[in-house]
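Structures incoming, each one as structure tokens.
Shared chain: subunit A. Partners: subunit B in the first complex, subunit C in the second.
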Partner chain A sequence: MSAAHRHAVDSNSPSVRLGPIAQQVAKAAFAVAGIALAISVIIAVAGLFGTTAKGAFKSWMVAFLYVLSICLGALFFTMIQHAVRAGWSVTVRRIAESIAANLLWLWVLFLPVFILVLIDRGGVLFPWLKPEYMATDAIIQHKMAYLNKGFFLLRAVFFFAVWAGFAWFFWSSSVRQDESGDVALTHRMQRLAPLGLLAFALTLTFAAFDWAMSLEPHWFSTIFGVYFFAVSCCGFGASMCIALWFLGRRGKLLNEVTSEHMQDVGKFLFGFGIVFHAYIGFSQFMLIWYANIPEETGWYLARTLGPWKPFMWALLICHFAVPFLLLISRHAKRNRTFIAAVAVFLLVVQFLDIYLLVMPAISGADLASAVSYPALAARAASGDLDLGFHPGLIDLTCVLGALSLLVGLTARRLGQVPLVPVRDPRLPEALAFENM
Partner chain B sequence: MTTLPMNRPLAPADNTFEDPERRAPLVLGHTTFGTVTKEICQVNEAPRPPMAWWIALGISAALAGVFTGLIGYLFATGVGVWGNQNPVMWGFPIVNFVFWVGIGHAGTLISAILFLFRQKWRTAINRFAEAMTIFAVICAGTFPGIHVGRVWLAYWLFPIPNQMEMWPQFRSPLLWDVFAVGTYFTVSLVFWYIGMIPDLATLRDRAGNRIKAIAYGFFSLGWRGSMRHWHRYERAYLLLAALATPLVLSVHSVVSFDFAVSQLPGWHTTIFPPYFVAGAIFGGFAMVVTLAVPARQLWGLKNFITMRHLENMNKIILLTGSMVGYAYAMEFFIAWYSGAMYEQFAFINRAFGQHAWAYWIMIGCNVAAPQLFWFKRFRTSIPVMFFVVNCVNVGMWFERFVIVLSLEMDFLPSSWAYFSPTWVDIWMLIGSFGLFMTLFLLFIRFLPVIAIAEVKAVMPAADPHAGHGHGADGGHGH
Partner chain C sequence: MEDTGTDARKTPMSSTLTSTELRTSGATAGTPAALWGLMAEFDSPAAIMEAAKQTHGDGYRWFDCHVPFPVHGLDRAMGIRPTILPILVFLGGLTGFGAGIVLQWFTNASAFDFWALVGVRGYPFLISGKPAISGPAWIPVIFELTILLSALGAAGWMLLLNGLPRLYHPTLRHPKFARATDDRFFLVIEARDPRFTRAKTEAFMRSLSPLSIETLED
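This part shows the complex of A and B:
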């Protein structure tokens, strides 16, 4: 009867304070980030292992989108809890708020891309910024009202401003409530959440168009923004499970976040990160495959030919089939260690997912000169076709560096505040929460 | 059932207030389970239904009769009685089919997805909405069923082994529809029926005459309300909810495939599956509110279907309406962004072509009108919500009409035409409302219109900790 019947949490209780752990984690994470990023820079600048500028920037794009997806998922989670006046989630919300708060500085990770475009070298990453394309390609000329340097940069500034604004608002309001216990803050967050979700939907969509879809500038898909949203839910849900497991190992939040809460966090990961993600991915693939219109199939051709083919299969199996079976049982979701293990697996697969969004590419000339699908497949199989398949160490060091930075800064931020919103008016409800 | 005294102050009559420290009451004006049973059962037990019920049933049954008559006329004459004509070979029948299937989404969403999300307010409206689902799917299934040309061969839709070795085209989404809608109907029916068993037993126990007692007794499957019955019932309910949830998504996704697997601009776009699902929930909830507003008035159910319930549904309408608006915007943006001239033509033609009026009705009703629901004052105003939900009913029909009319100006300009429905088209659409309303009115009169047992479970009296002062998880306050 003890945990389920508690009404309040003492903000100084060691169970809700990270204490020295924050600094330990931050230190270790910053060390890893420093080393990984240094190696990345060395590989990129020295061109080790045949790394080209294009390859290096693409690796960085994967790493950036990877951490961005986690933070955007966290922002979505925070806002949807307020929008629906959720009670159960109060005890886990601080984790989401703290991950989302990284959106305050995440623009720094985008700076390399921003500067690249600013100094007119954006063609390295985005084919539509190549002068030769702009001069000759009729489709790209058509899109230049949207895909142009100035508007692209302006949009990036706008996206980060919106995300940072909402992330800061929800973080700071929640932390202020720890001190004052002011219910008006809850009302304010609830009022702003629906507007935040609307702004979130539009900014996430166009950011996904700009930073992932436009890497292949001829290709288009109306569902692409929704897909990136599903990716974000998976990244955040998995991160949340791992964070709660880690905190539990260190004796934190064990009474505040019970197996009941784990089950619900697990449901979020299962429902949005695994099933919804598969549904959206399938919708996009199946419709393009079935209609088989040349304007659209190029994107998937690049991803299903030659060396990429096994990775697409791996995505289907490891992002859907395996975690679906592993997490469908309530016992699996209620077991912190088990769900965290699945979450680690999913975060690895999430890397593959984003890697497959960014890396594969097929040139328009290769597509135009292909006489038939079997001929193209044969060329791909013989390795005679450049499909953007150049995996390297830098792919891993970039993502490790960016992710470690995220972990370190999140830990440091969490170290300054209680791990739960201790005076949230719905905290008693969350503490007493039981499924069904 | 014992009745527990309620040792806390009565809730205010307005339960739409938002207090984070306590949950608003979901059942108003009742302190005991007994009065709840009585008040809900009076809908079925009143010696005679209100006059309005007779009038509505008379009109509905007449229209259903027109519908049946027109089906007979169609069978006798052929599909030429419709306005379907080259190049619009899919006219009103498919529009009506998609419209009604969409309406049929709210019920299972409320009963399954909101159940899994522990939205306790669903208990007052789920029975109602599930019934609506069943009847809407019946209307929906009728249209493709009578559109097959040689109706006497309609059973060919099913993969029945036969000596001719003839099979349906498994690669066609039209066949997937047969399975998707068939499965959805079956599961929704089972879900609805299982959920109703305890309440049917209540009606049986209260039955005033032998015929009623036998009829309700037969369908209540010997329910005695024992602990073991309840335990199995709740397990079954949870499992059915989990099974029904993917169905809510899959049915309308498959319906969207009917269009989206094609190569036709305006039909082929990747956002169609989630966009159709959001639209279906949108249209379904609008229909629930349309029916709930008069029903709660006529049968005095305002203590159960409270303003808070209506407000919550209006919020879902705002949410799904915005999703639909998002999809419209994406379609338009990508049509431009694609650089494909046929895509661009299709969308410019939609907005400014010969059927532009239909497009702007759709935008006005589906995107603009629900924006009123950003304001609580409008969400909680009966006249405003009735206006908006009826806009949505109209707008969602026109959405499907606009989509289908992508056929009107196809790749071959010489076949371009202006689609006009015939009088049979229009009367069959009206007639299908007659069928829907007839079934719905009969349901209200003869079956428990609110899930009596479930509503009781969200009352303070059902909370084992009542009086301890921390009703954290219940739909009630301290």
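This part shows the complex of A and C:
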């Protein structure tokens, strides 16, 4: 509105070019990734600290789902902006596109699991792939139309194909527009975005079922996919805040991304990543708690008994109560440094969140032989019950390695293009954006 | 905003009239009406933005802008302080949160009577084996009451702080003012502003180079 707003961005201006920073970040990140992943492999192969194959693969699953959630959140953000023809977000969209573009190679991180299942050793991670279960367990036998090796692998290929396809489409169209300024590219992205969102919802839901929920194949929850979606939004929103803070510190995007944009990115993180996440998490918990049906409660028993109990409380307090109060004010959302600090905290808590999805487990035999809740709780308290609580260094090295890889490759990708889509037709709208 | 009824609004003539006569008289009856304010007319958002900045800079506080669509940055140009509405909404939410707990504790987990127009009695009742005080079961009601009182608080306080509902406003009587919902931007300085004097304010308004300056009467 006022004359102070610029209406265009020079694609060669140093404020929208990462320049040498891209290589610096990438180098440091790859070094950390190399060391962390090497340590992880050594711990896993040598079986240090009592690490079992199952433990190592579960740690890797946590790390994989952690980076996957961030990338899927970025893909969702990119597509929803096109679907609603948003103007404000143009100046931050390139960062989302570049994070989502990691879905082009993320299948590599899934290869260990894929190969494990392919060579018929999937039972290490997924109980439903153990031959003895398949032969004797009636529930699993009924689920074998879906939970079987061939279909599982086929689905994994399909999910990655869909994600890579859409991530590539939105990334490459946007980058091509930097050169041509062709408005037709925007129209095509807008046309495809709703279709992409539909495919995204279905693939994310079933991927969450396959890779996290089926770790305990007796249990089921129809809202599980939505929960993983909320996790993704939190991971991406926090990553975006940290990226914008880092770029701002290096003098990038300071005029293109103002406190107005920070406030809206903050709203996304607050609304989807904190409030919606808690809402979905509680919805899942309350229905199971209230109905109190044995076939549903096992999953929560494993998570609320013995050593896991304080972590579930920590999740409630650190993923909802604290960040909710910290970010509810608009002043908090408009402060780049403050929101980035909260985002770092949230990314740490997100690790706990995914850890609690993957790690806790209770055996069917233990559940079946339990006579009462107090008796089961007493067994858990005395340490007599294996609830899958085996935290170790490998949990941290795996996630650190995977996350560093993500940061390094994102930085390198971003180094090749302007940090904003310089010829997007809605760029002037984004530059002039004000909340009120 | 409270109508403080400062002296600038009253003419010596009207102060001698009884309240009944005041109501029945008016501009049509030949009585000189009270001067309510001066209104400057502009034809662009940029013009009113600049005018608002200067009016605030000149020290005027009782003034307002009437524009056909939201003009971003106008609040800041007018020097309007941020609203306290968010804090009131938050307190409304806290009230709902507390009310949800108290309501369910009294109805589900207490057994005493009290009289509130009718006799009321807490009535503990065993529902599917849940304890009388059971957090998860209470959350939905607490959540909904938090939302309800936040929302009602937001709407209610917004109306109250704006002095609404208000069925009459002196600007509405001016024939030119209809274009405030179409293509004109009006800046009104009220006579109750301590800096307001008819001559000086009119001269100041002229310096803003508006399309026209109108007199508003109450």
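Please note the rule applied: the second predicted complex is superposed on the first by the 432 of 436 C-alpha atoms of A that agree within 3 Å, B and C clash if a C-alpha of one lies under 4 Å from a C-alpha of the other, contacts with A are read in each partner's own complex, and residues count from 1 in each chain.
As a working rule, a contact is a pair of C-beta atoms (placed from the backbone, for glycine too) under 8 Å apart; a residue touches a chain by one contact, two chains touch by 3 or more.
Because the structure is predicted, anything quoted here is derived from the model rather than measured.
Participant: Overlaying on subunit A: subunit B and subunit C, fit or clash?
Facilitator: Clash: subunit B and subunit C overlap once superposed on subunit A.
Participant: For A:290 in the superposed arrangement: first (subunit B), second (subunit C), both or neither?
Facilitator: In the superposed model, A:290 contacts both subunit B and subunit C.
Participant: On the A-aligned overlay, A:201 touches which partner chain: subunit B = first, subunit C = second, or both, or neither?
Facilitator: first
Participant: Applying the document's definition of touch, where does A:434 land relative to subunit B and subunit C: first, second, both, or neither?
Facilitator: both
Participant: With both complexes superposed on chain A, which partner does A:388 reach: first (subunit B), second (subunit C), both or neither?
Facilitator: Touch status of A:388: no partner.
Participant: Which partner does A:330 contact after superposing on A: first (subunit B), second (subunit C), both, neither?
Facilitator: A:330: touches subunit C, not subunit B.
Participant: Where does A:421 make contact in the superposed view: on subunit B (first), on subunit C (second), on both, or on neither?
Facilitator: A:421 contacts neither subunit B nor subunit C.
Participant: When both complexes are superposed, which of subunit B and subunit C contacts more residues belonging to subunit A?
Facilitator: B
Participant: With the two structures laid over each other on chain A, which partner does A:143 touch: subunit B (first), subunit C (second), both, or neither?
Facilitator: first
Participant: Is A:7 contacted by the first partner subunit B, the second partner subunit C, both or neither?
Facilitator: first
Participant: Of the stretches 218-226, 290-298, 308-316 or 362-370, which one of subunit B hits subunit C?
Facilitator: 218-226
Participant: Where on subunit A do subunit B and subunit C both make contact?
Facilitator: 286, 290, 292, 432, 434, 436
Participant: Would you mind writing out the residues of subunit A in touch with subunit C in their complex?
Facilitator: 1-2, 282, 285-286, 289-290, 292, 328-330, 432, 434, 436
Participant: Help me check something: in the complex, which residues belonging to subunit A touch subunit B?
Facilitator: Listed in rising order, the residues of subunit A that touch subunit B are 5, 7, 85, 87-88, 138-139, 142-143, 146, 183, 186-187, 190, 194, 198, 201-202, 205, 209, 218, 220-226, 267, 275, 279-280, 283-284, 286-288, 290-293, 295, 424-426, 428-436.
Participant: Okay, in this complex, where on subunit C does subunit A touch?
Facilitator: Subunit C residues touching subunit A: 45-46, 49, 70-73, 75, 86, 90, 128-130, 136-137, 139-140.
Participant: Write out the stretch or stretches of subunit B touching subunit A in their complex.
Facilitator: The contact residues of subunit B facing subunit A are 18, 20-21, 23, 116, 118, 238, 246, 249, 253, 257, 260-263, 268-274, 322, 326-327, 330-331, 334, 337-340, 374, 470, 472-473.
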